[in-house]
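The structure under discussion appears below in the form of structure tokens.
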């Protein structure tokens, strides 16, 4: 056996255990497949759009003007399964596009917040002292501002062409705004975990062996908090989707991209006329996705770390 | 572990908790007294007459303040009549000096700022004060830009105020030559040059009399403590939520007009002719930030009337017949009126691609199907625009469609684009349009345009932005194409013509950076001309001149709609005038029965 | 202490204080004197047992020696190098030869690494050998501690406590160090496992010529494994002598009490035992004079304000004690 | 009280935990008696089921995970398992009291110790207000806490580990229970403190004439304190005897190994004897005698590998569960 | 105790400074010029724009000067004299008018959420593993997954409009309670999901702890154990979590006030965001963060009442 062999066994068997336990939970697995289905849809929409924006069967713009009246949900054609809005645009297709927008934003925002939060949290927790003070100062400042205002402020600022030359308007603005404002939670969590673990005996053992600080952080500490990042990611993802909806509802998102928030915004006043399907479609799309994510995230948490308390 | 009954009690409590609040409901519609309930779709910025510029402020302010002149409520075409002035002004031969008498016995409303809290009589000094205040540099005033270089000496006063620390330390006793009080009830105004629109400008609420006592008393809070002379006075204003105005007992009194447009009598608009105004005792203005509650409230009879915003046009109006069945069942009435306005896609003439490429601009115009646009977005109720002077204005040119490229002709557009590409030397780069909003209407509007551009082989990128950003970008000349619109404030068309004058380059009203020396010359001429056929001819000539150059694609003229419940009487919308509440009347009994009607429909 | 040159490790007046911060600005208002002037030497190939109750600072001594905890003052010599003055690289070099075995076999193994990579980690950090060689080293040391090379692929949580402690020992010994600090290596283990590990440690010491600092609270274990024993109380060594002599004739009243407190492994009725009153005082606020005087059954007036430093009683075997009465009694 | 009936008699008790991976048989077919006024030490390694036995007696096995599946717990002849919850409440803390291993976590950190003692006094003794408090102070004095009138108003975190264990004892004894279950009462303490606490327990037992069921892993503690010893290995009792007998002549190979592997003070040997292998996982106990893989005899004996020996009386007053024990028969 | 509060107040200073710096960078540097255009009216000349910039102090240096814009910004915040909004109303007046309404909305919401979710969590923890527990959990997770906006829109449409149970929109004639009932109810429904879940975990953690076992071993009844021993220990995470509820209340007040026309500061903030009134947004941000800081302080003080182990040193 050589070292490569040893390395190849480094996929933690804790993960295997967790997945085995997870697979035993039927309900959680159903939720997992629902979430996976959403992701597949998002990827499908993305590919369909990028291959040929005009010819693709689900081109949103193409819909415009094909009918000029509301159509109630009917099974006559795929486009009218969920009915249409008053321009004759298929609710189904808008909803599908919303999947892509929501998932893209939530995913990018999650990645950004993890990219910022994890290194900062790890550095603050491990080194302590001035580094810790500065990081704590930054995140207490951010966490003392209500996120909704902060996200809006960032969205407004990132949309401003003076600062970013207009390049960050629209979707990048939204996920940057969410990402830049919501790394606080994960940073605080990681910092706490690192502080808790840096005095643990296996870290002392690594020190005693002569490991450098970076080796201790990256090889010994971070793999041990990785499951926390994953759990946090899965739970945070839901809140990012909800944030995206609220942001685009308030008109701070990318108006060029169809999104659930915009659907809700457009459909809200139409309820009065009994046009319920657009509102319902968007709501249900969000509801099913977040329900599945929530249940799956909970199961993941239970399996990965039953003792971890929810951090919101 | 044994079960106890404590948790059963807890469950019961949790179930009961939410129901506690439901007990105390009281419908305001049941109240006695004639109360009009109106909706505002945005919050009024201010109730300080001197600084009013937004429609919502004026809708409320119009009931509180009285400028010198106003428009007749019923007569069409619009006719200016004296309001607080005593008759029309005496104008000198050279059209530079106006002598205006004001009505005697006009009192300010009772207010703590006056001695004994009793409203004093209005004198011409209060009008002069309003002018001077507008010119006060420290009182950053949105209306000043329109009065620059108009009245003799007022610009000097503007400079003079620069030296003071703040708005309130400015010494207003410095005389302005152009604003002379001949006596307490007569004012003489001297103009720098003839200003034909002067009288209609005097109908603007921002020139209502202002009591200096009030300004000095309330200082910064004057915004929310309007001291006016109108039929109503502010009772309560919760910013961003609601306003209540109630009858002003100091009002001089007025009677309902006895004559109107043909057909008004049949509509019942003359039923109250000659009766003492105002009818309603109080007006509740509710500010709705979201559409849904406004609609729900109107449907439920909690609002007496409601205009239809562009976002939700389809809601109440079906294509041909007008009002939808559901609305008619509820005895809801619809009234439409021409609101002289124009929607356009502007070109930035300083832009490299568009500026010197007339065929491209024309091609874009040909590429857009105006009829279809109106069909889709306004159910065919708007009017396609061929020029920019809207129907309902003095100098509207019914023949303008014959000139220019306002028809829909994608084939020719494609040919023109080929031509345009020769000028460019390359294929046309993707164009960028700034859209002043990101609501549903704007996104669909944007998509419609994108589609139209695509059809003729152009690419359009739409940038949806909030209004302030849009305004800043456009004013700085940073946008390439921009969607915009203009509404008239008076029947005169000079304001829209001014949008193409070189001297009005942005940040002024010429957002197109359109420059044509010949046009400028005619504009100078037109600026001092008084309404006449000759002037109309000149205006039309200027319009055609602009249409030759196509600095913008004009799409449509708006027709506005107002829905109202049948208990709301004397509803006749007006394009320019505010302060119409005093004419309105409520059939309280009918309103109270609405609940039963709703129940029967359900 | 013996003055021959075979001393592998020498600790001189080691002090490790932890600051206590209080008040508005978190100023340091005092110190927890975890280790307060400890000196000892360990001969090459021998075992020094360090014994004391929890909180007496024995673990801090071990950690300070390896610079895992920053010492306040004092000197530690290892193979002639002064540990506290070494540079980062020098320290790393020294650490090849000084290893540490921790108390908690559950906490000291990284749960996310395979046993193989845990044991190979020191080799990798010190860049010893090629990957193949390292692998061989790992297999060899695994066999040596009584595990098989198949175990290299498993994760720590698949092992029982005793096996985990074997893994920890393998990690400490894979670099073939000269000196190992064993910090209560058996106290977290079940009774029936303890003896296995103790035997293993003894075998390895013999085979690999190791020098141990063996820290424990269990006197019986200490007696069994050590050549010399140092008894600590409140951050100080109160008695130091050979293991044999300590049990035969303990001098310090604390040592006496400690030995007497250990339950006998046989039911002996009516055993006379010294039961100490009270509890160990807080090291942040140690009593004046002899730190043991409040609990000492034989304390005198002078014990309350004077401290007897560690002094040799002058018997054949080296025997140091920090008690007036003990010293006087012997002399 | 009939002298023949032991105070507590456990017969064939089995307590199982149902977890995701299967059934953990924490206690299996366990029988022993605790005589009036005597101390029984239940000795075993961690995870062998001794604490669960104690919790079963108290009726405190965590409901969500496990339950008593079989057997009887006879307290003064009544089966505790047949009592209702409210009947059990009257017994718990009153007739049978319990102290736990971790005095740190076993006291409620947010109430004063007085409050926590008074709570039990009020509940079971019907003493009210001031009297209950003075009783609490009295109890604290009894367990050797200096200045009890002041201490009674303090919170657990203001006390050291030894003090807390004294408080626990005071709390357990405040209602004069006839049986005290002490679950590893000194494991978390230092030797000198352990000696204090054990001394205190002995004294109080004598005073109050109560029976003690002491759970420990330390044979030394058992040797010094118990009258009888029950040795538990992997959820089964392997040997019961009087304390003298078990140290004199252990019959079960596990007991023998345990005794031999302990390093003894003052008897330094070159090498310790040890029991090989490790304690089996309670999810997967070995077939036959659970000790056979580690047993020097059993590892090669066919019967040990296939059959589980029952606990059987091998000599007057002592039982063992090993085919090879002297007097086991067969 | 006073020393502790003072220290915590001192600790606020860098945070408040950070908030001020951030709001300054976000709003004053970026958004200033839009305000100028807004104030200039319809057809301004460049000179008018310059005049306004001068009057508002936007021509001053940004940070590094004694009368820089940042210094003014800090001075405004410290003196609680925030200047005027774009509609020329002093911002402090806006605050004064809005706060009572916001409190009327958020305070009942806050207590509603805490009381309901703690009670439900205790029930769920008590019945852990049973159908009741599972249903409560499922409802909570479902409740969390439903979008906030849909709660409001469907709630307004069905509960208020269709079934006429509550008011659709704010009306000054009615009592604030009648106006705020539906928004409060919606806020509570939205808020309890996550809280119940969290508190249940907390309770379950505590229910398996040593002192609960001790309490049962004393013979105490379940009710005494849950409501005396368990609840007081669970107070600390509950207090911590209530601080975390605050952002939700804040979001709630923004959306609910806007949909139901309640004239509180949330609605004002949303208005300001829509009209890009940066001076109001930055003031609101500042006020909200001060509130958060104070709330944190209060919760820290509450810890001490809930847990004697926490000392103020």
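Letters A, B, C, D and E mark the chains in the order given here, with residues in each chain numbered from 1 onward.
What we mean here is this: contacts are C-beta pairs under 8 Å (C-beta built on N, C-alpha and C of every residue); 3 or more make two chains touch, one makes a residue touch a chain.
All values reported here derive from a predicted model rather than from experimental measurement.
Enquirer: Steps needed, at minimum, to get from chain B to chain E via touching chains?
Expert: Counted as steps through touching chains, the separation is 1.
Enquirer: Sort the chain pairs by how many C-beta pairs are in contact and tell me the top one.
Expert: So the pair of chains linked by the most contacts is B-E.
Enquirer: Find me the chain with the mean Cα position closest to the mean of all the protein Cα atoms on display.
Expert: Most central by this criterion: E.
Enquirer: Can you work out the whole-Å distance between the CA centroids of chain A and chain B?
Expert: Using C-alpha averages as centres, the distance is 43 Å.
Enquirer: Based only on mean CA positions, could you tell me how far chain A sits from chain C in angstrom?
Expert: Centres of chain A and chain C (C-alpha means) sit 50 Å apart.
Enquirer: Just give me the whole-number Å value for how far the CA centre of chain A lies from that of chain D.
Expert: Taking the mean C-alpha position of each chain, the two centres sit 52 Å apart.
Enquirer: When the centre of a chain is set as the mean of its C-alpha atoms, what distance in Å lies between chain A and chain E?
Expert: Roughly 23 Å, centre to centre.
Enquirer: Which residues does chain B have that touch at least 2 chains other than itself?
Expert: Residues 1-2, 290, 292, 294, 296, 299, 466, 469.
Enquirer: Taking each residue of chain E in turn, which ones touch at least two of the other chains?
Expert: In chain E, residues 153, 157, 161, 221, 270, 274, 276 touch at least two other chains, as defined above.
Enquirer: Hey, what residues on chain D touch two or more of the other chains?
Expert: Not one residue in chain D touches at least two other chains.
Enquirer: Considering only the defined contacts, which chain C positions touch chain A in the complex?
Expert: These residues of chain C touch chain A: 63, 66, 68, 91-92, 95-96, 98-100, 102-104, 107-114, 116-117, 120-122, 125-126, 131-132, 134-135, 138-139, 149, 152-155, 157-158, 168, 171.
Enquirer: Quick one: in the complex, what on chain B touches chain A?
Expert: Answer in residue numbers: 290-292, 294-296, 299, 311-312, 314-315, 326, 372, 375-376, 435, 437-440, 442-444, 446-448, 450-451, 454, 462-466, 469, 473, 478.
Enquirer: Which part of chain D faces chain C closely enough to touch in the complex?
Expert: It comes out as residues 45-46, 160-163, 190-196, 198-199, 217-221, 223-224, 243-244, 247, 257-259, 261-266, 268-269, 271-276, 278-279, 294.
Enquirer: Where on chain E does chain A make contact in their complex?
Expert: 14-15, 18-19, 22-23, 26-27, 30-31, 141-142, 144-150, 153-154, 157, 161, 194, 197-198, 201-202, 205, 237, 241, 244, 246-247, 250-251, 254-255, 269-270, 273-274, 276, 281, 284-285, 288-289, 292-293, 296
Enquirer: Give the list of chain E residues in touch with chain D in this complex.
Expert: By the definition above, chain E touches chain D via 128-129, 208-211, 213-221, 224, 229, 232-233, 235, 306-309.
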